[in-house]
Amino acid sequence: MNMIYIVFIVLLGGALLTFFANRISGLLRDTFFLLTILATTVLFFTKIHIGDTVSFTLAGLNLKWGLDAFGWYFSLIVLGLGTMAAFYALSYMKGKDRLGYFYFSFLISILSMLGILMSHDLVSFFIFWEVMTWSSYLIVIYSGRNVQKNGINYILLSALGAYAMLTAIVMVYANIHTLSISEMINTYPQFSHVQQVWLPVLFLMAFSVKAAMMPLHVWAPGAYSDAPMAYTSVFSGALSKMGIYGMVIVFVSMISYLPDDTLFKETFAWLGAITAILGTLWAIAQDDARKLLAYSSIAQLGYIITGVAVGTDLAMLSALFLAALHALFKGTLFMAVGAIERQTGTVKFTEVTGLIRKMPWTFIASLLAIIALAGIPPLGGFVGKWMLYESLINSNHYILVIAIFFASTAAFLYCYKFLFGFFLGQEEKEWENVKEAPALMVLPMLILAAGTLVLGTFPGILLKPADAAMQTLGYASTEGHLWSMSILFNEWGDQVLLRPLVYAIAGTFLFFLIILTVKGWKNTRYVSTKDISSSGEVPLEYENLTFSVNFYQPFLRAVGPVMKKRMIYYYREFGSGMEALFDYSRRIYNGNGQTYAIYVMIFLVIILLFKNSIFG
Amino acid sequence: MVNMIIYITLGFMITGIFFAVLRFIKGPTAADRTVALDTLTTIAMALLVLLAFVFKRFIYVDVALVYGVLGFIGVLVIARYLEGAL
Amino acid sequence: MRDILEIIGLILLLIGGIFLFLGGLGIFRMPDTYNRLQAGTKATTLGGMSVILGVGFLEPGWIIKAMVLVIFIAFSNPISSHALARANYKRKNYPYLKGGAEYDQYREVYVNQENKEENK
Amino acid sequence: MKKILVLSLLAVFGVYLLEVLFKIDFGHQFFLHGVKDFYLTTSPDKMGVANVVTAIVVNFRGFDTLGEVTVLFLATTAMSSILYKGRHQLGERAVLFSSSRIVMTGSKLLFPAIILLGAYVFIHGHLTPGGGFQGGVIIATGFLLMLLSYEDYKVSHVALSLVESLAGITFASVGLLGFLNGGTFLQNFLPTGGLNNLISGGVIPIIYIAVGFKVGAELTGLIYTALNEKD
Amino acid sequence: MVGTPVLFIAIPLLAAFLIPLLGFVWKESVRILPGLVLLYLLYLAVNLMGQVAHSGTIVEVIAGWAPPWGINLVFSPLTGLLTTLMILMGFIIWIYSYRFKNIDFREAVKYFILLLMMITGSVGIVLTGDIFNQFVFIEITSISAYALTAFYKGRDSAEASFKYLIIGSLSSMFLLLAIVLIYSQLGTLNMADIADKAHLMKPGFKILALIFFITGLGIEAEIFPLNGWTPDAYAQAPGPVGAAFSGIVVKAGVYAMIRVIFTLFDVSGTHQFLIIIGMITLIIAEMAAVKQDRLKRMLAYSSIGQMGLVIVAFGIGTEEGVFAALFLMLNHAIIKSLLFLSGSYLVYNSTEKYIHETDGLAKHLPITSFLFALGAIAIVGMPPFAGFWSKWSILSAAAHSNMILVIVLILSVSIIELVYYFRVVNRIYFFPKQKEVEPKRPTINALIAMSILGILILVIGFYPDSVTGYLHSASQSLLEKGKYIQDVLSTGQLFIQ
Amino acid sequence: MEFKLFDLSIVEYAFFITAVLIILIGLYGALVKKTLIKIVIGLSVLDAGINLLLISVGYVKSGTAPIFSPALIKDMPLTLENIKKLSEGMVDPVPQALVLTAIVIGFGVTAVALSLVIRLYRHHHTLNIDEIKNLKW
Amino acid sequence: MESLTFSQKLTQFFLSWLVLFIAWLGFTSTLAIQEVITGLLVSLLIALFTSRFFVCCDVSIFAPAKLFYVFYYLFVFLIELIKSNLDVARRVISPTLPINPGIVKFKTNLTSEYGRMVLANSITLTPGTLSVDIIDDTFYIHWIDVKTLDPVETHREIAEKFEKILLKIF
């Protein structure tokens, strides 16, 4: 049997075994879970080679699975992050109930993502896409919090996207009578103009939902923050990248064929930028770390979307690079929040402060991730951002650069909030006994964080597979010529050329940080937030005087108008309007049998009166 | 001669039916209508037999008999219902 | 012989037709339910029997069946009329009385009976 | 308002229906190559059944009749199911006035004769306009007469369902016998006899007698259930 | 030789007449006999399916009279498929109802007779080749359905049943009118014969008969606005009966309508008309379903919506469309039955059957809840469960006929469907259990019945090819009108006697 | 004795008109009347109208019942020609058979309807259909 | 019903068989052998189940004297019936005729159930009278033209001519 099948069977079987093992013993379950994910990873990277394919027939449709470089690149993200998250989950989820269900969904969602990446035909793609949706849905509602609100939002928007995709798929199938993705791409230029416009729109709708692009992002904050953090890292880091994966294919294979005056790319690039800006602003306003990271994810995906939309060699490369990088640092951050949540029981900045000495490793991992996120050298984030700016400037998207730059700068605000809110600031009596998270949680965080560090200096580790992936998509090999376009890299792109500069900046930054910290250490007296003896006014018990409260009040006041009406508001309005309509329409069934009989006669009479036009 | 008498008899019977139907429509009480029905049953029985003769089909007489039985029991049912006993 | 039978039959037919007509007219013209019953039942019984017998005479092979019908009419008509009259009374449709209440000798019995049955 | 709506709906319906019906050449032989000629000739010629309607009801379209018997059977079942009051037995009939003595006596006299008439009607189903349904109805009205006259008149439920079931089984089994005899379901497997003899028409009288029993029992059951339905 | 199609009718009828008798002897036999009958019929159906696949349509004459003189039964790939499906569903529903609610012996007799007859009636509707005979079977089904709807006392079941009966009577009227019109023109009642000669009818007759058929059978097929009875009846009937309604009875109604449209008459515009009324039905039903606070009522509206979708698929009219419609019918029968059966246990001890009364029952009824959730996911068309394949086929059929609007509408409506099903599933799994609700654990036979359905959903979902072959030949046999006529009318130019 | 009743052509379509009128009256009762019993009666009337229509479709001018009774056959030898000749004077037997079935079915439905009415009355203590709508929306 | 001896029951049974068989012959109006045999069987079957309803009679009903009275009664009844019909005709044609309606009662001497029924029916069919009820031995008669309110007078006026003969028969 083909290895591709085996990987899927291992995953599916492992998921089922894990699920049922839950009934027998926790240890068995955990073992199965870990073994499954490890075996999958090992099998995948050792036994499946780029270019392997299998094809078979189901329900009269020719389906084909296989692996190409592009899929391989994303599999790296999925399995890498997935494995880390799996280790993390073992410890994080300990003691919670319904673990069989959680692990099952976890594994199925990994399976579905691999399936998406290996689908060479549209139906398999769609099926795995849907499996991904419901398996992640199962995890979103796992906690039982806000299931009706967040769960339904998520499934609703996902379905909206999925059905848009399904429409596109059946349109393709009706046209070319084949489901092969490559066939679709090849024959795309022959489609009618209307279809040439509609197909990408429909596909992009689906992908935008998963990539949480404005205005289809409304599900994301709730879903990201409601899922257990052990999964949210995968959710935000890998699952949302499936949207990017799809977008790249659409942009490369379809959008580029459209005439230049269709403004498709510009619109999308701008949607990405706006997503980035708004996501950042919203993130700043959050008091809940999970929400903050959720909005931050939205913002980060905005950058990536912009990169994909602009679509030059460099932009695409930067998008792919950022996609992987985002998985690393956002995975770390969600794990860190999970660790804090597990150790303290809360994730509110207004409640937790000063954990730096209690949870140092978590702090370090977070710090690295934040730096990567903010795009400060020498971490990977810097490289990605730089490439993005450069590509935008090269393609004359100056205003976009300004927008992205604004978003990046504003991101410092929430980065700072995150670091300060949790780790710095006063230590509270309440959190005196907080311990560092277990090693099984800390290690994955650190590994991921270290990844950002390595990539900051040796981006070539990722850039090479990304380059290979792009070749699969039809870009000319960028090695050799691409790097020369950038002042950032050395010739082969495997190192950052401006290392001295990078290190200088990093060194300065670090120096100040240490100075400040040491100084603060020495001169600070640890008091409770309630202890504001200097003002002579004793606050009431319930007053929360942590400085994290209203952290960015002036700033928020400035951007207030933008923040006031969030997108979800319009969705709600629409939803309640629809429900009112539904409620009105069902009053047709007014309960009176006679009325129903009259309906029958009305139906008959209408047909009789119009019989000539109906049965012409 | 025979034809004429049959015509006349039929005419009488149909006129009788006509008046009985008028009573049936007019009422005014349910009992009155039932009286009309009872009368109609008997006239109709006779009419059926006569028609059987006209059409030379002996088998229609059976119909008259069954009709009479059902009409009779029908009237009894209504009468019993009017008494308030059903 | 056949002619005689035919003539008898035709006469019977004619008589029957007339009385059936009278029965219909009777229930139409009579003033109250009891009078209508009186007229209806008598006229239709005789009329029906007569017509059917008439047919029996006209078609001698049918005479047996005709007799069955005649017996049935003679038997059923008065019973159904009686049942209707009784039901009508019990629905409190009392007959028209010219000479006052003592002309209804059933009333007291009926009232007693009604009380008795209701108590049961 | 509702009345006006309904009236106008009915007017449209009626007009369209009549418009088409007026195109029928009333009272004439208007069928293209209808099935009726076949029935009219085959029934007396090949099946020995004088009453063509019976031949159709019991044989040509006997399957309909089996279904129809089932409908009646279901109606009884349905009615007793709908009115069934759980573990309490059916209430005694509470009657305001007992029936008149005259009616009682008359019913007593007529009852056997009516049953006989019913039997006559269904036994002669293939010769006269009668048949199983008609006969069954007459028998049921005989019971109705008794139930009307005697409020304490009891009909045995067990006997009724016994008759009902046995008659139904007879019908279906005769059908299956035709099938097992190497023919098709409901196919005649008996000699057809001479036209207009009582014993003629093969299985048709057997089926019609079964139908008569079944219909009689079922309708009686229906009436009995309905009459005993008092709160 | 295991039997012929007529046994599908004869055996259950015999059994139904026998049940009261056997009840006198051995009470349990009343419950067992229907199951044995259905099991045998299932065996017969499967056997005949094989025979049909091998040697073509079986036409069986009754009473020895060749069509068009006698009534005939047609066991074609299409009718055979539906028959098999109905018998299978009937058998599963029998397993489920074996001990469903502790009804006493006298009620059990009636229940099982009525259930068996409802199934038989539906099978008869599908098998028969004669329009009047079909009418008779429709009435058998309807009367059983009225009685079963009103089966439970002490709730509003009689109200539901009465509404059903009023509308059902109108349906009978229209059917008889259509039959009158056809007979007055052609002098025949045999479907193949009618189809053969339909062009000889005066035009007015044909259209009017078609309209009457559509109205009359549309009532059985739950088309809007003829479906006022549906939600009430589904919701008030006992759970297994609700399952039988959606799994068996409606299917027969839809079949009858489609047979008329595809085989009897060839009137232009019918297909577009089907699409329009199907879409309206779908939209209105799904909109009404969202706002339901009672579980079975919600399922009922959902069922109507699905039937609308089936009608739309038939309206597409191509082989693909018919295939999709049949696939949808098959899946809907299985899935909706599962939902009704498991749903019944979720609201077992409630009189009002509110959705919120299922809150948190997943902990107490894990398997039932799981099966309900499986059904919910399958019916909204989530891959890789059964519902997806039918949804896919209908969409691709629509796309092939360039009906983009239809696709968009279907998918928009699917989103609504998703919302209300997931709301319920969320409640079952994630809401705290309500204090006053006393969950009732399903009996073992109920569990078996539900599990069979669940397994079927998975099998069809993961391996749709297990059924697509049958569905394809069934859809071809519906479209091959000439072959149908020839098959039936060539059964013998003269009578066999 | 030669006797001809009268030529039915005067009233050619009276059957159809009457039947349709009865159908419409029944429908009106079923659709408008408020009392359950009246609705059921409306449905029965409707049935009767349809049955009348069905039977009139099979009518053949001055045709007789399709029964080959001895009196009809008299002493004719029972050859196929004779049967055919006789059958020409007969009305169509098929609608009669159908009507028989339709009547019985209508009767069954009415019985069920009435028992439902009894149940409804027991449950709601009213026969007004406007007050019996617990199930709606 | 009062308990009967076996021989009474047997008589009852054979009587009802006979009556039913005669009715059968009436229905079929033929003496064809198949019909007769079937009739015998069918009436036997029905008699088996229904003979208990014939409580009145014994074999004595076939006594010639009784038969004579039966015919005599029929004759009297027929005369009365014709008279009554003429009376009806009169009234129908001119409804303005003087009437004095009322319900009168009288006691009958008949003890037999059947006798009373026949009397009541005869009264219904004779001029101007209609039986409304019988309670025990009292008849209540609607009388179009009430001539007397005295029960004995009424008896003589309405019932006596029938009762005399009926007493001979039953």
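We call the chains A, B, C, D, E, F and G, going by the order they appear; numbering starts again at 1 in every chain.
The rule we apply is simple: a residue touches a chain if its C-beta (ideal position, glycine included) is under 8 Å from a C-beta of that chain, and two chains touch if they have at least 3 such contacts.
Worth saying up front: this structure is predicted, and the values here are computed from it rather than measured.
Q: Measuring from CA centroids, which chain ends up nearest the centre of the complete protein set?
A: Looking at where each chain's C-alpha mean falls, the closest to the middle is E.
Q: Let me spell it out: compute each chain's centre from its C-alpha atoms, then which one is farthest from subunit A's centre?
A: Of all chains, G has its centre farthest from that of subunit A.
Q: If I rank D-E and E-F by number of C-beta contact pairs, which comes first?
A: Taking the two pairs in turn, the one with more contacts turns out to be D-E.
Q: Give the label of the chain whose average Cα location is farthest from that of subunit E.
A: Relative to subunit E, the chain whose C-alpha centre sits farthest away is G.
Q: Between subunit C and subunit D, what's the gap in Å when you average each chain's C-alpha atoms?
A: About 31 Å, centre to centre.
Q: CA centre of subunit B versus CA centre of subunit C: separation in Å?
A: 12
Q: With chain centres taken as the means of their Cα atoms, state the distance from subunit F to subunit G in Å.
A: Centre separation, subunit F to subunit G: 38 Å.
Q: What is the distance, in whole Å, between the centres of subunit A and subunit G, each centre taken as the mean of its C-alpha atoms?
A: The mean C-alpha positions of subunit A and subunit G differ by 102 Å.
Q: List, in ascending order, every residue of subunit A touching at least 2 other chains.
A: 586, 589, 593-594, 597-598, 601-602, 604, 608
Q: Can you pull out the residues of subunit E that are in contact with at least two other chains?
A: 132, 136, 139, 143, 146-147, 150, 153, 158-159, 161-163, 166, 170, 177, 184, 187, 189, 208, 231, 288, 291-292, in rising order.
Q: Subunit F: which residues touch two or more other chains?
A: Residues 23, 27, 30-32, 39, 53, 57, 65, 67, 69, 92, 94, 98, 101, 105, 108-109, 112, 116, 119, 132-135, 137 of subunit F each touch two or more of the other chains.
Q: Tell me, which parts of subunit D touch subunit A in their complex?
A: For subunit D paired with subunit A, touching residues are 2, 5-6, 9-10, 12-13, 16.
Q: Touching subunit D in the complex: which residues of subunit E?
A: My answer: residues 4, 6, 9-10, 13-14, 16-21, 24, 60-65, 68-71, 104, 106-107, 110-111, 113-114, 117, 124, 128, 132-133, 136-137, 139-140, 143-144, 146-147, 150-151, 153, 158, 161, 177, 181, 184-190, 197, 200, 202, 204-205, 208, 495-497.
Q: If we count contacts the way the header does, which residues on subunit B are in touch with subunit D in the complex?
A: Residues of subunit B touching subunit D: 59-60, 62-63, 65-66, 69-70, 73, 76-77, 80, 83-86.
Q: Could you list, by residue number, the parts of subunit C that touch subunit D in their complex?
A: Residues 75-76, 79, 82-83, 86, 90, 113-114, 117-118.
Q: For a test of understanding, state which residues of subunit D touch subunit C in their complex under the given definition.
A: Checking each residue of subunit D against subunit C gives 96-98, 100, 102-103, 106, 109-110.
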